[in-house]
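Encoded as structure tokens, here's the structure I'll be asking about.
So that you can tell them apart, the chains are marked A, B, C and D in the order they are listed, and the count of residues begins at 1 in each.
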């Protein structure tokens, strides 16, 4: 069974089981269009969770992703309404996300503040800025040319899914194949050891939070396009979903351990649960209870630490 | 300045500064009745944060406190409506809280599952159970004799404040003066070493989550009495406030390091911010932004890690 | 209980003159359940506009949908000795305590949108959520021609708006035997959740004809899902009267909307709060009318 | 007289057999040394003996009675204490609290209260016994590694001992503390305590052990009486070949000036420090624990900021702001604490060895994995690091093999100047010699080495020159004939200074 543990198949097993059960109980689950919907619906969380994986691997956390998403989307939407092209506005939004991440990163790396509380602070701050900026009102009437990002399809597969796949592949290559990826894992394993081995840990930390911020902004653009509206409340609570996907995927909150494949599986588990509850028309009153149980069962299947002693 | 760092005066400094600013800018802040209100308003979060401190010291986390609060309150309220005496119902609620905590503890300690995801699962599960049990409806018409717990006062000081003070003193004594307390710190410092030293780490973990669950139930009783209603949505998101208080108070999420005094200061900072924003009539759209900034400033004052290298 | 003798209508409320000497010292506190929703933002805008117009100070406090937070905020308002409190309670049961405290401090309370079950409320301005649910059901029945499959998107479980709208809707829809509610799922009053939930429901029930969304945010999310699915002829009915939704109704994208008038509720709330502060009399209950918005109804949303 | 016996002990980890039939007997009142190469299974055997691991086969007898130690508590109850090779302290707790955990019953007052006053007195007494002059309230995180080792020893001394296992207790200690420890051991011996003593410093064994059992590849080779056995024979039994010339110092002419410290100061080094290292030279720094040797290494390699004085590298004035800069300039440091500073414990051997040299095996930022594997395999072979496979987590390596791994990861970087802080801690005789050969090889290639060591024979045997430090200051320099234990000792103790 060591290969089982080695390749961290626990989360995958959870997903497969879930998919199997749904396939049996719901006639619609295994239709192409439903599976594409699940992928589409998972994309926003998957994007956030990919960025979150970078952060968590360094033993950090980024609670501000939901607010960064809202803030950058609101700005981009307003710019588009003001006539700036969606491309320009989108790129600007990604920059805003990067800046927001850099702010987190600098406070974590250079001021040596605890990531949890730093990003809790910026989460509240960015949300506040969004509220001030939007006056609490959704921004709509976005240009039609912006529609494709969230609602278009290429070769029958929704654009957000393509985006997520591309981002995933790049991120996966970086984390598992490059020097930078190695260093990120090393920082998470033991920042001091990495630092003494010549890793410029502080710079990497800043970059890692920037990645999270940029992906939050990207997720925000996708969401805004899907809804054709930027909402001041967008992304509220998304940080928890993203962290859940990461942890469900087997990444340790202590850092240094975990994979992006796991994260995607974690995100898919969450997406499939939501989809399944809707397909099966589980009463709203029972949904939370069922969801909680499914999460608990999923992790039981991944009892990696059981041999820890 | 080492005594400054040694006794972790950073958070206290933040609180003092905040109080000073409010004292100068708001005429009402320094009235006895307002200060009592701040204490009263802080009590629920303080109770949760005290329990959370135990958990975090072992390098765990308990996301389920808000749901445990709601679940135990709903049961207690229903029992009271059914004619059971508030005392009995209250004690039963504490037991429910303890059981909920034990469930978390067992999964963390014996099944070796990650605390984050375990308590995320039970958070969702307990919320679901509450929704099912209450049918999504608030439970009211509680006996008058239950009123005093949340709304009474002894020697002019609100009962919830007394409760919090007593709980704090006991918890503080346990953590800083007893064998059990030292063991909890030891487990957080290095669980493996603690185990090698003969500490029954698993039992302690279970107990620690039980403490958190029991205090969540106690906070729930206070809240229910204050509102004279048990709500299915009660305590939603409270886990974040409790964790924030703990971390703001200088306790490390990595475990083993931190104090309850810090936690209380952290809870008071949060309480004072909310109170102050209201007293100063800060526009509601600006409140989040200001709150985020205050949190960031407060931690800057506690740059404990800055000399880490 | 509506229809008491003291009930009047928003539209018929008389406007006050602004700027008298005494109004300058009047301070009003507005505790709003949440600003996480354009509905309440509009209400809060109404409050602020009117306060400005009347020259009174107003403090707006956001309770983030947590009754305990709101209780704290009302306590803070009492600390500041405001002249009157306008309360939009997150929950009708639990904010009774807050009202009782205000009563003890002799600060008059006006409630908006929802009231409290106990305590002395000087004036309650709201539209009726059960009624709104009924109206929505009637519209949906009409829209689908009395038969077929429909879906209900629920708000946050445990809120009175959710429970009341569901109650009204159910009562009415049951009468129409040709209609089956094939799915009832929560999207927590949230637009992006509604988008996903509706998408999933469409997978499970490709043949539905109508959707009742318990608020406009969810209606707008559901519309996006329907558009994305390429399906036509699914009729959506929402509640609230949000600008976007109203314009969608006018364009025939959405079938109908049961509009509330949060801005006016806010305006009226301040008017009456000021009156109360001055010791003047106000009606005990004001029925803020629900406006049915259909394709050809002239109505501007908030 | 009591007697602790292990018979036919076998133990394997996920299929890899580590102990295959070990027989071993210790009697009360004797010091019984356990000798074996790195990875021979010494620590594993001791963990099996104390109930931390369960043996797959074999039995443990105490006074002839079979025992089942399921947890460490069981062995503790039977009067067996162990000082682990890897430090097992709580850095977040104070010294006295570290002495409390595991012995809570002795200090438990009413309601579970800790009797702090009593604990403090107890701690003070123990600290005095082991010769640590620190307040019992000091957090362990503030202690140096040697000081921590003393706390470990103190911890083990407090129980009702019948048998005491010491797994390389002196690896982090200097001569002075070692002497102190020997006194303690002698004392325990007269009280009838049986001591199992593991060390790679052979001279120690001959100084105080009665018998020695040699372990090789998880099997007992034999038990010898130390008075009757020659060192050479022991070494041969242990490594399977004879090791001659334990300190193979090579002669070469020092070349151009490589490193020059001219009165440098840091926050932790208030007294200006001056020293030099030339190309083709091995320079040593000796001194007591806390003398400030590590601080000098930290200053040179950019860990601590230099606040005064001048440092020159190849004649150029330079200050490193981070270890990364030092590394880029050809200056590398083998840190003294392999666990906290040297290795990513839960990561594999391959990952750890490759970390400082990643940039040498990349293309467009991508790691060239194939090359990396070859490279790691080569170094594992060169230093004879005993691993099951290249991705084995280093935490599962034996202590000495961990140390070799740290050494390998820096040697592979091939620096101009290599700073070594206790590089051979816990390394066996054979492997030590291999490391010395590698050092000589570097020397031959005109690199410079600055070696901090508490192993006096090694320091005097391998270095061309030795600086002596005391109280955060350089108090002398030994060259040529002065490189002698006694001269060194006088300097260290500060009785009479050979001032420069």
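Observations on the structure shown:
As a working rule, a contact is a pair of C-beta atoms (placed from the backbone, for glycine too) under 8 Å apart; a residue touches a chain by one contact, two chains touch by 3 or more.
Molecules present, by chain and UniProt name: A, B = Ribose ABC transporter membrane protein; D = Ribose ABC transporter ATP-binding protein.
Everything numeric here is computed off the predicted structure, so don't read it as measured data.
Between the contact lists of subunit B and subunit C, the overlap consists of A. Distance between subunit C and subunit D, defined via averaged C-alpha coordinates, is recorded as 72 Å.
Subunit A and subunit B have CA centres that are 28 Å apart.
Taking the mean of the C-alpha atoms as each chain's centre, subunit B and subunit D sit 44 Å apart. Multi-chain contact residues, meaning those touching two or more other chains, occur in subunit C at positions 35, 44, 157. Within subunit A, contacts with two or more other chains are made by residues 131, 135-136, 192, 195, 284-285, 287. In subunit D, the residues touching two or more other chains are 303.
Applying the touch definition to all chain combinations yields A-B, A-C, A-D, B-C, B-D.
Listed in rising order, the residues of subunit A touching subunit C in the complex are 26, 28, 31, 33-34, 37, 40-41, 131, 135-138, 140, 151, 223, 226-229, 231, 233-234, 236, 274-275, 277-281, 283-285, 287. Here subunit D touches subunit B in the complex through residues 52, 71-73, 76, 84, 88-93, 97, 100-102, 104, 107-108, 111-114, 303, going by the rule given at the top.
Within the complex, the subunit A residues that touch subunit B are 107, 111-114, 116-118, 120-129, 131-132, 135-136, 192, 195, 240, 243-244, 247-248, 252-254, 284-293, 295-296, 299-300, 303-306, 308-309.
By the touch criterion given at the top, residues 32, 35, 44, 57, 59-62, 64-69, 71-73, 75-77, 79-80, 91-97, 117-118, 156-159, 162-163 of subunit C touch subunit B in their complex. Chain contact summary for the complex, subunit D toward subunit A: residues 14, 303, 322-324, 326-328, 333, 335, 340-347, 351, 354-356, 358-359, 362, 365-367, 369, 409.
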